[in-house]
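Multiple structures follow.
After this come two complexes, each holding chain A, first together with chain B and then together with chain C.
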Partner chain A sequence: MPQNSTSDRKAMVSMQHSGGKSGILSVVVAGWARAGNFALLGIFVTLLLIFSLTVPHFATVANLSNVLQRNSIIGIVACGMLLMIILAGFDLSVGAVGAMSSVVAAALIVHVSMVAGIAAGLLLGLVVGLVNGFCIAKIGINAFVATLATQVLVTGFLFVGTAAQPIYGVPESFTFLGLGKIGPLPVPTLIFAIIALLVWALLRFTTFGHYIYIVGGNRTAARLAGINVDRVTIATYGIGGLLAGVAGIVLLGETTIGQPASATDWPLSAIAAVVVGGVPLSGGVGRVSGAILGTLLLGIIANALNLLGISPFWQPAVTGAVILVAVGVDAYQRRQSERR
Partner chain B sequence: MSIDFAARSHDRLLSSLVEAFRAYGAILGMVAVFIVIALIKPSFGHVANIENVLRQCTVLLMMSLGLTLVLAMRGVDLCVAQTVDAAAIMSAGLLVHGAPTWLAFTAPLVLGVVIGLLNGLLTAYLGIPAIIATLGMMFVVRSGELIYTHGSDPQILFTLPDSTTQVFFFLGRHTIAGVPALIVLALIVFFAVYALATRTAFGRQARAVGFNVRAAYLAGIDTRRVFAAGFVVSGVCAAIAGVAMVSRTGIAMPRGAEPLLLDAFTAVYLGTLASRGGAMTIPGTLVGTLFVSFLSNGLTMLGLGAPFRFTLNGLFILLAMAVGALRRPH
Partner chain C sequence: MLLEMRNIAKSFAAGPVLHGVDFSVAAGEIHALIGHNGAGKSTLMKTLAGNFADYSGEILIEGRLSAFHTPAEALAQGVAIIYQDFALVPDMSVAANIALGREPKGPWPGLMPHRALRERSAREAASLGIDLPMDRPIRRLGVAAQQLTEIVRACSQDVRILIMDEPTARLAPAERAHLFAVMRRMGRERGVGIIYISHFLDEVRDIADRITIMRDGRVVETKAVAHYTVDDLAHLLVGHTDIVLDQRPGRRNAKQTQSGPPVLELDHLSVSGRPGVSLTLAAGEILGLAGLVGSGRTRLARAMVGDVVSNGTLRIDGRAITRRSPQRSAAAGLVMVPEDRKISGLALAASVEANMEVTALGKILSRYGIIRRRAQRQMVERLIGSFRIHPPVREKPVGTLSGGNAQKVLLARAVAARPRVMILDQPTAGVDIGAKAELHKLILLAAEEGATVVLISDDLDEILGLADRVVVMTAGSAGPPISRADLDRAKLLSAISRVSQTNIAGVDFPR
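Showing the complex of A and B:
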């Protein structure tokens, strides 16, 4: 093959390109994702610095510990949501599941025992998650409708079961889970950290974790490669439900009241946190660090607005604008890198 | 020979019965539910009650119609309910501050177009997933409402002098030739959206985008524009619904229409039961809206409140989607 013929070399290069397209594309995407993660970290650190310098009482241990405590619940939910988003889905029922878990746990803690309450809350979360997964994988309903329906259904059962009344009587000692501190570190944050670590390990070191990426990236290819796509889907939604259950228990620790009408904003907040963290809804990509950073980013912005005494009426707009800008820039960059 | 013929016609009758049941079974089921409720609670079937529910469901119908177009293109519009609220508050606020009635009717529609355009820009042209883009817009619009109303001060119209509200309230409270004006308006919107979806190039293009974006794109359809236009239609429909709502109730406040969001989704998804092949159609949405509204009314009359409505709505959505999924050939 004549090496000096430019036309031939071009042809070769183009052949290489077309032949190894997915390889090159994946390198580009991976590189971009790394850069994107750093960019997000940069934005987060910059904001942290700006707020520390300009917002009074922001950079105090008490305030930062408060921010961590308040955002840990959404962080726990976001870790589960991350898995489902990597799988190219999401779960709108996490709020209803969290409320249910906290109500059932409250009832059982009052009437039976603490262990039974926590176990039942977690188990119910897992079960609803598995039902979601079953509807999506086996029946073939899309994730939006399936989880919307289970959300409505679970909320309905919860209201019928409790007659829409909150459940009181959880002992004060239970607040350790929601309000307790070990040193300056709030207990919910510790739980969040442990769960984030577990999810990180799951995604990085286990075959199942790798399957989640593959199924999310391309279902058909995953099936053809011999992966039991249905089982991966059901298990992932199960984990998502379980983590929503954990968050429900922590919520109960915070309030000591099993409130059936609570947690309605969890699903959208968690999806927003993960997406702001640079994880695309199209699936196949995503890291725990994104979910954590997204959660904390939205958390410190809300906290700074509070400390600055900005009207709470503006806060939804700021949250909305942050989401739109973060995801808009993300989508724009993605399109640019695809064009290249 | 004659026996053979009879058997064959029997078969054909059976298969056509099965076919008919497939097509209309869901509607029969819905009617059966209502017959049961009416048997338990005869006042459910009274003309006055039916008319009342029909008048109430017009708001839900109008917002669901636009949502149908967006959902049929595999988009999502989470901000329809917020648009209803914003339009209602704008309309009421204008009247309270002494603006002319025509402005109270038209300005909210412009707002609906603007919200729809923004949603369309964010999703179709910038490429933000619809669920995120419309979620962000929902927050922004909600903030606007809260700021305008200083938290949650309701915009109250019925304390205004009759002379300023007479024309405005005509829409919500009076009848045209014996038919409530609201129902007339809802029918006009229904037929307009129906015509848009079935008789225009836009409607055909939207269907193509819904079936297969890539194929639609390769066939030369400006898929971005069609997708964005869906959001504009949704915004306008929601704005009309908002004006209708405030004209009926005489009061507007932030987050007043938010509970309707879930009902609207339920209506659209239940509507897929009423069409062959489980497609999202405008008449299907009408059926879904009527079912959701009458069911909620019936449950209230039976003394079963919102909890049961939630449970049943959830069950029905799952049922509708499961039936749709099982109907589709794999």
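Showing the complex of A and C:
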């Protein structure tokens, strides 16, 4: 390895010569990998342009506003998921938590008050998240198993508590949270934006945020460096649960119905959004911009298919292909750069 | 001769490792191969095990020139190797592991005849005088039994030459005796030639028939074991020519350093039932912790930072740290640079900055959990500059840095928290010479600025070059501190290359 080469690029080129085969290609790929989110942004903008030119009614204020409105909930969940993925974990219970939050909020809004409903929904989300974190950090259950278990558990309680019946009677005014608009900007999108901003600030400006990266990157190293790994883990899952709760409230705002069987697709959609946003499941890296771009990228693709009149049955297949391609390219780059 | 290796040479990208080595093993012989880290003994044995297609020289089995270009060819010649960390399947039974890859065929194609397999494995073990619980999964066996399983497996494949890489490093004394009995029996009854690699020089004298000493990719000499004492071996291993550079020019002498108020005090600190360690270190003092791999150095270090449970008292600046944990240690000013930066040191995917700031973040660089961004930036930039980390880029993932630079990041992280005590576990393992020299300077600088340093290293020169006093660890227990002035390489090597503390009594130290 070079010790004294003057520039970054030079270092990369000479590293290449010592170990690799196809020089120029790898340098390009490495540059790409370094650009990270810029590449993703490029793909997003390109798609946006292509859709604007080829898909009828795509590039209208009404449609784009619609895209934002429809994807904000997953965006909110993805922000929480991002934190847990940076921590080298993930949360399969966000869907159940969202459903629970919206059902409990609906019940309390109908019978008690709006404030109590919202507060209870958020609090329950936080609590389930903390339980997840506790199981993972203190007991040592694998994140997949722990959150799968809480997901099933919460869903079960929800069905028992409601006899699997939706809860009606939330006042129309509550739809402001889900369907309202400020100018062309949907309220859910505003909430998504605020949360994204908060998560960005958390990751950037707080010790806790910086610790998430180190704990996710190497638990042992974090522990030996004196970080309270358990506390960071529990708090991160707590935030993940809280944001799922927020998303549940917004969902209630869209439908005004507390539906226990809703939101089942959230966990995988949110994970998909984050990984398409270039964040590896191995932890230690990731940015909010990735989660946002991943969410919107999948959103505009679904929307374009819709507008083109392609059967909605095709949508999952296309989404799956996008995930494979996006993550595949990323994983391949990493493999190549590890080989050097 | 059963095995003759003539004029073996092997080079890697970094340069030649073996320069024309001659080595031979007779049938029934136990031949010890000893040498310091990097002497070339592993490369020689890997060549014999067929790991390299591009060695030069001749390998003869019973006088016939044979090819050793692939592991399959080596196996066909009857060469088997037992690595330190065994190649067994943990959840399968002992019997199945012995038969691994050569399962007996039953009457039904594709179905395993379990009883035949079990009986055959038991027979094979019995023929070596080894008793093993055939049905128990390997996972539930001790190290010694796992090793015996490996031996039975190797011997059941018509092995003629068995290479054992540090087979006793993790064994209790009774288990060693049993292993040696098995080794002798294999030689006597089956004529197997055993090549035995070990760092325990006293043990080598007990078991081997002949000894080959390697240094710097060459054979120093091969003689019958009766020619040597442990001290002779130590002298031959280190060589006479090189002189250790005392890297402490201008450093206050050790006596002066120790006269200051105590910073780190260990009072009967003990781990997992081993005898307690008591020590007192002053500000700016560097203590070398020497010993072989597995002698308990890392475990003692981990106990000091509170990562493993221990008994006894640890004081920093006179205050005892109760309920020791890495967090509480960090708060009290005790930080550690763990061994193996990839596994327990760094978050490789995270940036240089993120790795470097960790220890200082809570203590110095933040207020109410909000990072003081300017101070943080300045500190990271300053450390990247003063540690000369290349490339000097904050955002670069640590995993993309060279070993030396990654290690500098790790040391910078420890220094960033302005610690009272730094424990450095193998701080220069696997880094190039240039980076090593820089790291040494940085360690000395940290000590000069008042940090007390505990330095664990496999590199004798590093210990002798940096430490004011040295504690030798063997089999989990620590000896008394020895002043640097009373040590040279041969004495130090001789002291660490023993199976237990009692055997050190013979070493001639002014205490």
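The criterion applied here is as follows: the second predicted complex is superposed on the first by the 306 of 340 C-alpha atoms of A that agree within 3 Å, B and C clash if a C-alpha of one lies under 4 Å from a C-alpha of the other, contacts with A are read in each partner's own complex, and residues count from 1 in each chain.
Everything that follows uses one rule, which is that a residue touches a chain if its C-beta (ideal position, glycine included) is under 8 Å from a C-beta of that chain, and two chains touch if they have at least 3 such contacts.
This structure is a prediction, so every number in the text was calculated from the model and none was measured.
In this overlay on chain A, chain B fits alongside chain C without clashing. With both structures placed on the common chain, the touch criterion links A:Asn228 to chain C but leaves chain B unconnected. Among chain B and chain C, the chain that touches a larger number of residues in chain A is B. When the two complexes are overlaid on their common chain A, residue A:Gly320 makes contact with chain B while staying clear of chain C. Contacts of A:Asn218 after superposition: chain C is touched, whereas chain B is not reached. Once chain A of one complex is fitted onto chain A of the other, the partner contacts of A:Ser311 are limited to chain B, with no touch recorded for chain C.
Judged by the touch definition given at the top, the superposed model places A:Gly299 against neither chain B nor chain C. Of the two partner chains, chain B is the only one that A:Leu148 touches; chain C does not reach it. After the two structures are overlaid on chain A, the closest C-alpha atoms of chain B and chain C sit 6 Å apart.
Shared interface residues of chain A (contacting chain B in one complex, chain C in the other): 280, 282. Those residues of chain A whose C-beta lies close enough to touch chain C in the complex are 1, 3-4, 8, 11, 18, 205-208, 210-211, 213-214, 216-218, 220-228, 280, 282-285, 337. Chain A contributes residues 90, 135, 139-142, 144-146, 148-160, 163-164, 268, 271-272, 275, 280-282, 311-321, 323-324, 327-328, 331-332, 334-335 to its touches with chain B in the complex. The residues of chain C lying in touch with chain A in their complex are 13, 305, 307, 326-327, 329-331, 335-336, 338, 343-350, 354-355, 357-359, 361-362, 365-366, 369-371, 373, 390-391, 393, 397, 400, 402-404, 413, 432, 434-435. Looking at the complex, you find that chain B touches chain A at residues 76, 78, 122, 126-129, 131-133, 135-140, 142-144, 146-147, 150-151, 262, 265-266, 269, 306-315, 317-318, 321-322, 324-326, 328, 330.
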